[in-house]
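Across the two complexes that follow, subunit A remains constant while its partner is subunit B and subsequently subunit C.
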Partner chain A sequence: MTNSLQALLQKLPEPNSDTGDWLERLRSDALKIISSRDYPSTKEESWKYTSLHDLRKNDYLIADERNTGALLKKPYSRDDFLEADKLHLVFINGFFQPNLSTDELLENGIKIRPTKTKKADEKCNLETILKADLSETFSALNILTLCDSLLIEVEKNRKIEKVIKLILIGESSEPLLKSLRIIVKMNENSHARVVEEYRSHDKDAGLTNVVTNLRLGQNSTLFHHRLQMESMNTTHIGKIDAQVDSGASLYSDSIVMGSKLSRVDIDVSLSGRAAYCRLNGLFTGINDQHIDHHTTIRHLVGETHSDELYRGILDDNSRGIFNGKVVVSADAQKISARQASNNLLLSKLAEIDTKPELEIYADDVKCAHGATVGQLDETALFYLRSRGLSYKDARALLIYAFAEKVIESIPLPALRQLLENKFLGHNQMSEFIQQG
Partner chain B sequence: MLEISDLHVDVDGKEILSGINLTVKPGETHAIMGPNGSGKSTLSHVIAGREGYTVSQGEIVFNGKSLVDLEPEERAGEGVFLAFQYPIEIAGVNNVYMLKAALNGIRNYRGEKELTSVEFLKLVKSKVKAVGLDESLLNRQVNSGFSGGEKKRNEIFQLSVLEPMLAVLDETDSGLDIDALKAVSDGVNKLRDASRSFMVITHYQRLLDYIVPDYVHVLAKGKIIKTGDKELARTLESKGYDWLTDGQESAA
Partner chain C sequence: MSTNAEEIDSLVNQTYEAGFYTDIEQEFAPPGLNEETIRFISKKKEEPEWLLQWRLKAYKQFQEMTEPKWAHVEYPPIDFQDISYYAAPKSDEDRPKSLDEVDPKLLETYEKLGIPLEEQKVLAGVAVDIVFDSVSVHTTFREKLAEVGVIFCSFSEAVKDYPELVKKYLGTVVPARDNFYSALNSAVFSDGSFVYIPKNTRCPMELSTYFRMNAMNTGQFERTLIVADEGSYVSYLEGCTAPMRDENQLHAAVVELVVLKDAEIKYSTVQNWYPGDEEGKGGIYNFVTKRGDCRGDRSKISWTQVETGSAITWKYPSCILRGEDSIGEFYSVALTNNLQQADTGTKMIHLGKGSNSTIISKGISAGRSQNAYRGLVRVGGSAENARNYTQCDSLLLGDKSAAHTFPYIECKTPSAQIEHEASTSKISDDQLFYLRSRGIGQEDAINMIVNGFCKEVFKELPMEFAVEAQKLLGISLEGSIG
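Right, the complex of A and B next:
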């Protein structure tokens, strides 16, 4: 009997490896890799807590440009997305929408280009980047069913002042598989801020499968904020693969509030001396949401540093998973790695599985990790209520207080405010903080 | 204003208060003194409505309304305020934001219009000087990283903004040096008027040199065993509680 992954693959046209097109060649390789596989099962260690049962049951339609027309909402206009000081790029059902996006795609020093052209790009070496994670089922599937991809390349020595915001919307009345690829290439000594914002129509019940490849050249800095707020019926599979060269710094946040099932894998290689990464995460679960983060930080050489802070807030029957792996290579001396996973359970039925995993092959290292699981502080709740806050407001404020440690580290005021709103409604705390 | 009659309170199935009778009239300041474990803090918490404090018998009536079944925020709305012995640190929450949410919570309860941020900040600025609070504390996180003195001053500052009719001060003097004690007492004294009442819970007579009470009550084993004026506090300072609890005067 064909399994559900194979059933999906049968809907694809055969890749044509004879055309000499490298992307077709890559598709053909990808197909070879997964042609005998099924979706990962809970028997695999890294999928132990996350069952893809629902995903198997669904008969997904592979997104193509025709079904971007099947929108649930009235047509958008560019004005719906305009924000000051931002370059915005809109994708609907997997496909780039030039009419809705910023028209200044070629600012000074920045190349933002949907990689529709399937020609090899020698300078950027896309083929090598896309090949890197082909062995993983969802990455191979991503290549095989790719809708659009986007390459953002920042020129050497450039600091991009405007925030580059990608808005990726799921809007289909059908269960659509949308595969997206985002590549950010930071050339030497460049600086940029990128937001990936996933949203969807309330009724969207699709599957998003997106891979983000981040390549940080020497002494470059990238702020990368991934915000997942899809509807509660969707499945979201995300992967970030990052390589950080010497002296470069990656600040990457994963914020998950949406989807019925969300799985984000983050794999960062610190490959040059004084490379740094900070991975922060914040996730909130309600109802029967299932939110899984698997992160891996590889200290490949000495004098590399990492910080990681994940905070999870789980209510109702929701379940969270945080698996934080840190690998220190044999010669990677004088590295430091700090990891913290703090979790707040708001209901007796909510569950968190948090697990640090350290693989250390060097001897002169500083590694620290800690995990906590707690509940709302009853005394603090009483304190706020005795001051006049309703139970609901006091509870919301304490939940916000827990999330704040991650929120305050985000250097984008608009994003901080959006998160504040999610927790506190429209009473803005920031208006007081800015006064100070 | 406040009438407590035959109040019995259980905590974890154990009776802590065993028949308290106490009447506080508008504008009066009552001091509650007594040895450790006498039930002083229980009394303050049960007035403010803390969970886990069960009224098994008796009544707490505030301006003609029973408080016993009201939620803590409803009691705040009625005009009750408790200054905590150990003010809670809430990292991540801005001090002024919390206070605005509190005041607007109370205003909502009373059917009054909420204050805008601009109106609220104006109010806060006018109050902050009155209690001698360093203005920089306003925009810090609630009590987070505050010294003991700053925390207590912040409680009094909250009191001055929320303007309750009855303020219960639970060992506000604990952990304060003499300068902080004076500053906190000054803040309290500025808020005393003909309509606002205070219940000052303390171990030591020292605080009552600054916040001079109209009445002093001695609480022991869950009951008020003696009531007097401010001179009673002085007697307690020199003689201790033993002569009362043992039921006999010492030879001093």
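Right, the complex of A and C next:
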């Protein structure tokens, strides 16, 4: 039973390039690019450790407005998502749900527009943004099979106090391909915090293909937290493409706990002086999960800085992959870049493949990277046990301690709390931590 | 940093010191690669039928393979039909028995290189197996080694005198089909060295081969096989220089090390082949496959390399750590200048319990050169308590130089401990200022800092080599570098 990429493309209506609509044009370009391709194979360097063989096992249904399969759960209500100080936007099976989302969409200084792609706005220059990464198979597929897209634009000099939270839910009775596009445009001097949270019903076996484009204007600041907690039957392909202009700072977290197969590509270009990015990541694998992160930080001009920290915790026979690349362009002098990949293997069958890369074409730089693979410290475990903690609690505490380095830097208390609970299981331990 | 720029310029303008050309009559195979060439080589070397068949099989595999493109290097396509696959000094027909019988022109070459054979015999106590182009011309100290049962001879002699040993080990570490260049080498290899250390024997002296390429358009396809039987030890030195030349020369050597239980091989290389001129014209293409196999418990392989030459270096001396508690070490200094390109590193494949590996790599890139470390540490599920420590540092001299690091780490066992560290920076202004303020000239200060940077690797080299390596680095940096 093999379903190639081409078989999937057969299900699409022919893009109509003669209508003069730029999006239709883009679609036909995308089709041209991938019409002779299949899913990337392990022979390609960037997919060396991740086989997409399982994609072929499913005959995916491409989500469209008429057909997203039957819902698995009773209908949601807006109250299910309400949280204080948050603007929430809900997507179910790839489509925006205005009834479930916050109604303060057009707050002062912020434009949040679910863009029905057919009537996409010419003004905000979406075309150039969408065109940028068309050459990659999954980005092209994203354009071709796009469900809904969302544009968040923050006005100049505006600080958005509320957290913008996107909740993207998959729960279809059919194996559904959901393609989403999220665009965050930060104008000069603006400040915002965005959370992307991916969830799904336990029985959902869909394929999520999301591309997030972040555009940071001069001196803007964006916190971007990506939390992936889909069910164990799903496949998740994510991409973040970011451009950071001078004086701007991007703080990105990618936390992956869900999906049978998860792949997140993060590509950041630091394109103006004093641009900064911090990429943090945390992934935990159990059962036969396969979690892959590929990050690239491009220092295109001088005086740009980056920090990167990825931590992986692999149990059972899960497999983690981290590939972090730092590229310093020619003549981009006075650069500092730090990168670390730390990994914890908890089981004999777990595997980690990590590759921190440096590609440096300038000389006045300070670049360093480190990678470690290890296990829980027996002495520390013994110490905690001798203080009366059960084996389970002691282990959980040590694992949490390993993950904390990433968790502590998240400025959202609710998200931190959620992660603490995930790691420590029950509340008693959480209290223990808070007291400590 | 204007002084630095000037110094770099003078480095860039420096000519190749060991560049000269000796005019000796050669016996060529006609350029081109086909079955006939292979039969010609085999016949010329009076090889047995099994070896010819082995070569032909490798050639078949070679034909099915494509040239690898993944390395971070660029070069014009190589025309494999334009290379002459066999060249030997004319005197092949009647080999000299002593130094007096050696072609005086050959001796002159060594004189220029500063390798006085006699002196070396007496002072250094090193047996030298000189490979002049493709055929071993001279072997010294054979008798002394024979006393303890150590075999050290050219590969073709080994094929004649010890066919069983050669047959048993040849191609078992680097199979012909391993990669494009190893297949090519297996098909057309000309000569090389063979070493066998018997059980529980400590080789009484350091073994050394000086390679030297000397003929126009002649690819060099050396084949080295070293077998250390149980409980034995050997230290092997390999060093190279080559004369000035405008056309690129291909060098695709294969080195195989077999280490049995409790044995140890220490393999040191100083490589100073012609790197090409300031515009990157000429220079050697050095595409080498080196691999050692720790077959028994507690066996150990230590690779040390100082790479300053070649237009393109593409080399990954590797260790397969099969035995329990086996040890693999890799110490490397790679210096690139002008338009040189290096993509070098190591592979440590951990299979045995408690296997241990250390990687120390120091890259120095100057001028407009590209210097990449590419390494793999793979810990298999069976390698409980395996341990790896990797450190790769790069030093950038000149704002057009580039340094890259591509470390692959694959771990399948939770009890393994792997650490990897890498850093890239230019020479610290503070260090430079400190030395300058103590009255040390710019050039000496830089030399000092660079030598300090490489010290961890140099201290692994045998005495004589360490001196040569420091000298080499000094020459490369002479009147130069910021």
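We take it that the second predicted complex is superposed on the first by the 414 of 436 C-alpha atoms of A that agree within 3 Å, B and C clash if a C-alpha of one lies under 4 Å from a C-alpha of the other, contacts with A are read in each partner's own complex, and residues count from 1 in each chain.
To be clear about the criterion, a residue touches a chain if its C-beta (ideal position, glycine included) is under 8 Å from a C-beta of that chain, and two chains touch if they have at least 3 such contacts.
Just so you know, these numbers come straight off a predicted model, no measurement behind them.
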item: Fit or clash - subunit C, subunit B, common subunit A; value: fit
item: Touched partner set for A:61, first subunit B, second subunit C, both or neither; value: neither
item: Subunit B versus subunit C as contact partner of A:134, first or second or both or neither; value: neither
item: First (subunit B), second (subunit C), both or neither touched by A:229; value: neither
item: Which superposed partner A:400 touches (first subunit B, second subunit C, both, neither); value: first
item: Subunit B versus subunit C as contact partner of A:347, first or second or both or neither; value: second
item: Touched partner set for A:387, first subunit B, second subunit C, both or neither; value: first
item: Partner chain(s) touched by A:414 [first = subunit B, second = subunit C, both, neither]; value: neither
item: First (subunit B), second (subunit C), both or neither touched by A:356; value: second
item: Geometry of the superposed three-chain model: angle at subunit A (Cα centres of subunit B and subunit C, steps of 10 degrees); value: 80
item: Minimum C-alpha spacing, chains overlaid - subunit B and subunit C, in Å; value: 16
item: Shared contact residues on subunit A - subunit B and subunit C; value: none
item: In the complex with subunit B, residue positions of subunit A that touch it; value: 377-380, 382-391, 393-394, 397-398, 400-405, 408, 427, 429, 431-433, 435-436
item: Residues of subunit A that touch subunit C when the two form their complex; value: 45, 330-331, 333, 343, 345-375
item: Contact set on subunit B toward subunit A in their complex; value: 48-51, 71-73, 75-77, 81-82, 84, 87-88, 90-94, 96-106, 108-109, 117, 121, 136, 138-140, 158, 162
item: Subunit C residues touching subunit A - in the complex, by the definition given at the top; value: 70, 379, 381, 394, 396-426
